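Shared between the two complexes below is subunit A, which has subunit B as its partner in the first and subunit C in the second.
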Partner chain A sequence: MSKCWLHVFIAISVLLISGCNDRLDLEDAAFPLLGGYDLDEKNNLLTYVTVPEFSKSARKKTQELGVRAKTLQQARQQSDAYWPAVFQGRKMLVILVSKRLLAHVDWFRILDVFSRDAKNPLTCRMIMYDGPLSEVIYLNQQDQPFLPLLLRGMVDTKSGRSETVKTTFQDMHRLRFEKGKTPSIAEIRLENEIKLNGTALLDHQGKYADSLDAQETILLQILQNQAKHAVSLTLAIPGQAKRGPLNTDKLSFSTNKAKTHIKTAFHDGHFQFDLAVHLSIALTERLFPYDMHHKSTVLEKAIAEQLKKQFEGLIGKIQSHQIDPIGLGIHAQAFTYKPYKKVEDQWGRALSEANIHLSVTVTIEGVGTIK
Partner chain B sequence: MRYSSWFFRKKYRTLPQTKAQKQAHTDFIDASLAQNLVVLQSIFTHTPDLIVREFTIKHTGEPAALVYLMGLVDKSSINNNVLKPLQFDTDITDTDGSFRLSIGQILRLNTWPLVENAILQGRSLLFVNGRLETFALDTQGWPQRAIEDPAIEASLKGAHQGFVETGTQNIALIRRYISNRELKMKELTVGLRANSAVSLLYLADVANPEVLQEFEDRIKMLDVDTVINTGELAEYIEDNPYSPFPQFILTERPDAAASQILQGRIVAVLDRSPSVLVGPVTFTSFFQSVDDYSTRWSIATFIRLLRVFAFFIATFLPAFYIAVISYHFEIIPIKLLLTIGEFRGRVPFPPFVEAVIMEITLEMMREAGVRLPAPVGQTVGIVGGIVIGQAIVQAGLINNIMVIVVAFTAIASFILPNYDMVAAIRLIRFAMMIAAAMFGFVGIIIGMMTMIGHLISLESLGTPYTTPFAPMRFADWKDTFIRMPVWKMRKRPLSARPIQSTRQVDNHPEGDGK
Partner chain C sequence: MNVSASSKITNLQYILINSGLQVSVFFLALPRILAEQAGTDGWVSLIIGWMITVAASLIVVKIMARYPEGTLLDLLTHYGGKWAGRTAAVCLLLYLFYFGYSCLVQTALITKEWLLPQTSAYMIILLLLIPTYIVAISGIRIIGRYAEIVTLVSLWIPLVYLLPLKEAHWLHLLPIAGEGWQPIGAGVPYSLYCFLGFVSTFIFYPFLQNKSQASMAITVSNSLTLLAHLFVTLVCYVYFSPDEIREYNEPAINVLKIIEFKFIERIEVIFIAFYLLVFSLGWIPALYICAYCTNWLRNTQAERNHVRFFCLLLAIGSFFFIPDFHQNEMIEQIFLRLGILIEYILPIFLLLYVSVHDRFSGRKKA
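So, the complex of A and B:
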């Protein structure tokens, strides 16, 4: 019997010694859903957070706060001082960075705390904003869901249609060490309303290089073989009669299948990539009359030609900035290891000197329910 | 002086005995009817319901007396089958000295302890002057209830007969299902003061003799005043008395009991108790109900899996809620998190207190509903519904999500077919809640591992409790959390340790396809 009491005593003391110490009830925690990072005119780090407000007396659903601090941990301490709750970065949904911050090499290092503290999430979406962040953070639109949810929803749905990229913190962290590919993140702008602009391309050091609009982003993802779901493109077919401003030469289609075969070779000191893009498409919109029954192969060729032009424009953009968002470097590493190994630290420049051949074939599989 | 009686209280369980009783307990009965009646009166003092009817047997002219306890006998039987022929008929003596009475069983007793016992059992005793024996007539007839639908273990397709308070009738109910000469019985008695008959029913060529011996030994070892109910008996003979988990099935369904006997298990029928004891059982037997075997196997499997799911919900859901709110709120989807945060912001208590308040309210309501008569019980339901459903949330004491959690837990715990298992889960739920409040998910995992460790160490009559999972018996998986078609179950479950395993040949239905 005394043994039984001993067990009870041990159990109680174990519970009392170690229990409850890291308990933090949901309503006692201030967990920012959005973290914004910017630089002011004197290049001081500005940190913004958006925190949901649970108190019944609060008029707004969220609270925004911006502080100046050297590091994020410091910012956390400073922000803590403004809340009747404990600051926890555990439910961050969106990381917003300004273009100004992205102009600096290795800006990503300031986010170190996100990967070092295991409680922080790795799936927050990286988004770039073109302008000072305070404009967006304090916007407080009444007729929209609040900002973190709005931004996350935008990125998640649009990346499902390949119109932007869903780059999470973890993807960014991985691409920092990947020499054969440069990161690209979603980009928003403010035109009265917040608008998803497409994609921002970064170079190997994480610096901002260029922006892509929605259609270019789709093309990029077709080249990456990542446009898995049906994507929708609109093209102008030259040579079709224009009658007035409405009946134009445009047509739109959605892809049933988009496949890119990449052949990699190394000739005469240059890398050579043969990109063979094949698209099976279904027309969704055609604003000009056309005899699909007899001349569909002609139209297929015309579409392929137009697409090829757009692809080439995209590749030209990439090569001129010496970046590689497609990830051709990974192919080079896989198929031409030795020459790649020599230039992997300047892969961007090597790619800009590479020969990239492109061929596009299009098969029209459907024209819709009318002629 | 009077205080001394506190210190010198009788510590030993003895029946008070007068001198006459001492003599009576050792002596054989006397030839003289008058002397016998005196002894009888000395044994049964202050027993106004003892009837002594003296008369003369018409055929032989002997003075005789019929002794019985009023209320324990069937009056019409005594009047028509005993008193009437003895007093009026002229030819009723047999050649061996007994009487030709239209009574099923007539015992001849010659010692006082047997006589005393027989009277207390409801037999009527015929004393005849000049004989050294009495006739114990089987005229028992006590207040009885009609056979009704089982109340706790209701079933949709099973039989609508439940056990009653008479052991012999319960045995008859089981025998109706198993009309086989191998259905044997062991008669035991339990209790010193009011001994009750316990009958162990088993199939002699199927049930394991070792298990039977163990069952019998445990009951025989009992030295108690009396055992009123089967639940008490179970508590006396359990393998692990400190466990919250039931180690015997108490059932009030004859069809369930019969099916257990046919699987090779042993059923103990305790006289005066409306439920019987089944052993050895396994953890999975508590998830099975009679209806499972009369619905199609795919549906029965689904329902079984639903019960397993409900078991986990009923055990862990409130603990999960506490752990999530107090420690791990990052795993909640963001939209739900915002809703919960809004609700929680109004509530003054920490989640653990909140959960305990609600769970205890629920338990009180359930208990009140059980104890109260049906019309009042409804009122409890309505009041409880208002309190839990609305008022408590509007008053800002408890948040809506907690109400959903409690309601869901309650529904989940009512799905399980066995009341004892539900009670065990209910208790464990509170332990899990404490563990979750202390350590979050880590606490729940610790609690779960402790529970599983305890379960696999349990035994029922020396048979592992969690078989066929630990120890692993794949052949038995056909009838556990899934139910395969009945024609697939060719063998009896190993968990019952039967000595004859095959119960059917290949009965795979061939249909018209062949």
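So, the complex of A and C:
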């Protein structure tokens, strides 16, 4: 008898329960794959979206739209008005922001809806564009994959070789609260075609500070201990003759192993970091004749010295902008907690006054198939 | 009280029921709660909390060993008379009902937030009550088997928590006790919060097949709980930035959101659906114990009717009232204080009373 009642109860609840009430058919949904955020001349928020168009009658595969709105939720409402479908943020692949937006403190707050609404993804790639976003969004190149996929592919493959950084929304969110490290995001430019430029460094408030090219990005990631296997670097070795217009003093190598040991100390009111970089490399290109058999240690030293100069240039850049993309603050917190806590809120300034010693050692493990 | 052979539970079942009660729904917010109090040293508080819990639960087992054939209610009747037993039954009943209710409500709210934003919390509770009813009405042995099944199908969950470790920042864990031991101490009461539930020993003890291993079983159970909590907490600590972690309501879910698979979009959705099984171990045994207590109070043999009554009460009650976000937080706060009082402090006095009483009456006999 009680079994019977149970079945009746289950049947009734299944009939009454509104489980499929919020169902959404694919035809009624528009999935923007890219969200672009910019400011116009009067500093109004401009929101762009790129939506794939599935309809057969459409000649273009994507639709782009730009609206002016105060917040992203409002922008969604306004965008909705242009489509016979409802907007769903859940497939977003790329968030594009303009340098103009990044000139303002705490711009990241406008993206609050991404972290608040559980439906939104946190893994969209953050990319900065140097210029008004409308240039890129409405570019519509015929012979390339469409924009969101292009950008995401660029970031994913190049970050695989450490030539840019793959900073997702979640990483940005994390770094917004992290005092010991400043964010860096991928940067694109437009030179007839869209081009991945390297990395944009932001300061503690998220403001744009400086840009790094591909090689500097690799160096930065070596210091962060996040360089992927086999990153490739090109250096000029001094003392080698340049012949004509060709730069035959150059040498390239890929790394087999890149490791940075960071020692942290606090002396006389200053932080002190000893960064010991060790690289095991394999030559991939050498444009000048060299007696590798007898003088390879000399070459190792020369490479190390050149690398050290480049690292020092990078660190100089970082200290002059009072930022910390390497994350030395995290080391400072872990090993010199008390003094770090005192300067935590002005960590950029403390770091700019810190002594950073660098030592680079290089071992050549392979020279390739020819001498 | 006579326990029939068919309602005995094995040690493993007992371990899993107890760990299920302890883990249930609380671990989702645990990393945040601990980080609010003790920063990234929260895991130290967790270990201290575990030590305290092992001590407290051994006390509980010690008390129960004095009267191995009965539950706490029988024991108290034996030592302090009828009214002592009855008072204990009412207290235990209210406490465990509160326990089960807060688990259920929290589960419903989390499900609503992450899975079914447009379904009312009342509906979710109603749906959850159907399997609850079926399991709880079948008696303690089925609950034990249910706990075993749930553990088996949840074994893959820890593996997925290893994925965020790819981007772990182990340095966040250093320095240990950077702010001294005071914040760690402040975190300890909150770490006890996630061990609450071993009070079930008071009722389940006579049902144990092998009572001589009860102390071992409860220690294993507490250690299992510690491992689960410690693992989740550490993953959250090394993944999130120490200041960021306080921003999330349930960091243990957020940490899954960043996992990217080509074939699945929101992996945390699958998790919450699976977690519902784990969560259900929070309120199913609790409701059963409630039914046991009322049944004992009325001295009838109709446990099933009492389970029915409690399910109905929850169904009707939630129709009229579902706590909102703030009320839920208040429920948690009260629960924490109540839990520490009932599960950690009272057993000490009870043990004192029981041993003094035994010695006293023993002398009288001699």
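Note that in this section the second predicted complex is superposed on the first by the 355 of 371 C-alpha atoms of A that agree within 3 Å, B and C clash if a C-alpha of one lies under 4 Å from a C-alpha of the other, contacts with A are read in each partner's own complex, and residues count from 1 in each chain.
Going forward, contacts are C-beta pairs under 8 Å (C-beta built on N, C-alpha and C of every residue); 3 or more make two chains touch, one makes a residue touch a chain.
Because the structure is a prediction, the values reported are computed rather than measured.
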### Query
So, A:93: does it touch subunit B (first), subunit C (second), both, or neither?
first
- [ ] Could you tell me if A:27 is touching subunit B, subunit C, both of them or neither one (first, second, both, neither)?
- [x] first
In this superposition, the partner of subunit A with more touched residues, subunit B or subunit C, is C
Exercise for the section: Mind working out whether A:170 is in touch with subunit B, subunit C, both or neither, as first, second, both or neither? Expected result: second
According to the stated criteria, A:121 is in contact with first (subunit B), second (subunit C), both, or neither; which is it? both
Requested in this report: Could you tell me if A:310 is touching subunit B, subunit C, both of them or neither one (first, second, both, neither)?
Outcome: neither
(request) Check whether A:248 is in contact with subunit B, with subunit C, with both or with neither, and answer first, second, both or neither. (result) neither
Ask   = Looking at the overlay, does A:6 come into contact with subunit B only (first), subunit C only (second), both, or neither?
value = second
The shared contact residues of subunit A with subunit B and subunit C are 18-19, 22, 90-91, 119, 121
Residue positions on subunit A within touch of subunit C in the complex are 6, 9-10, 13, 17-19, 21-22, 90-91, 115, 118-119, 121-123, 168, 170, 173-179, 330-331, 333-335, 337-338, 341
Seen from subunit C, its contact residues with subunit A in the complex are 113-114, 116-120, 123, 126-127, 130, 133-134, 169, 171-175, 178, 240-241, 243-244, 247, 257-258, 260, 265-266, 268
So, in the complex, the side of subunit A touching subunit B is made of residues 15, 18-20, 22-27, 29, 31, 33, 52, 54-56, 61, 90-91, 93, 119, 121, 149, 152
Residue positions on subunit B within touch of subunit A in the complex are 325-327, 329-330, 334-335, 337-338, 340-342, 344-347, 350-351, 437-440
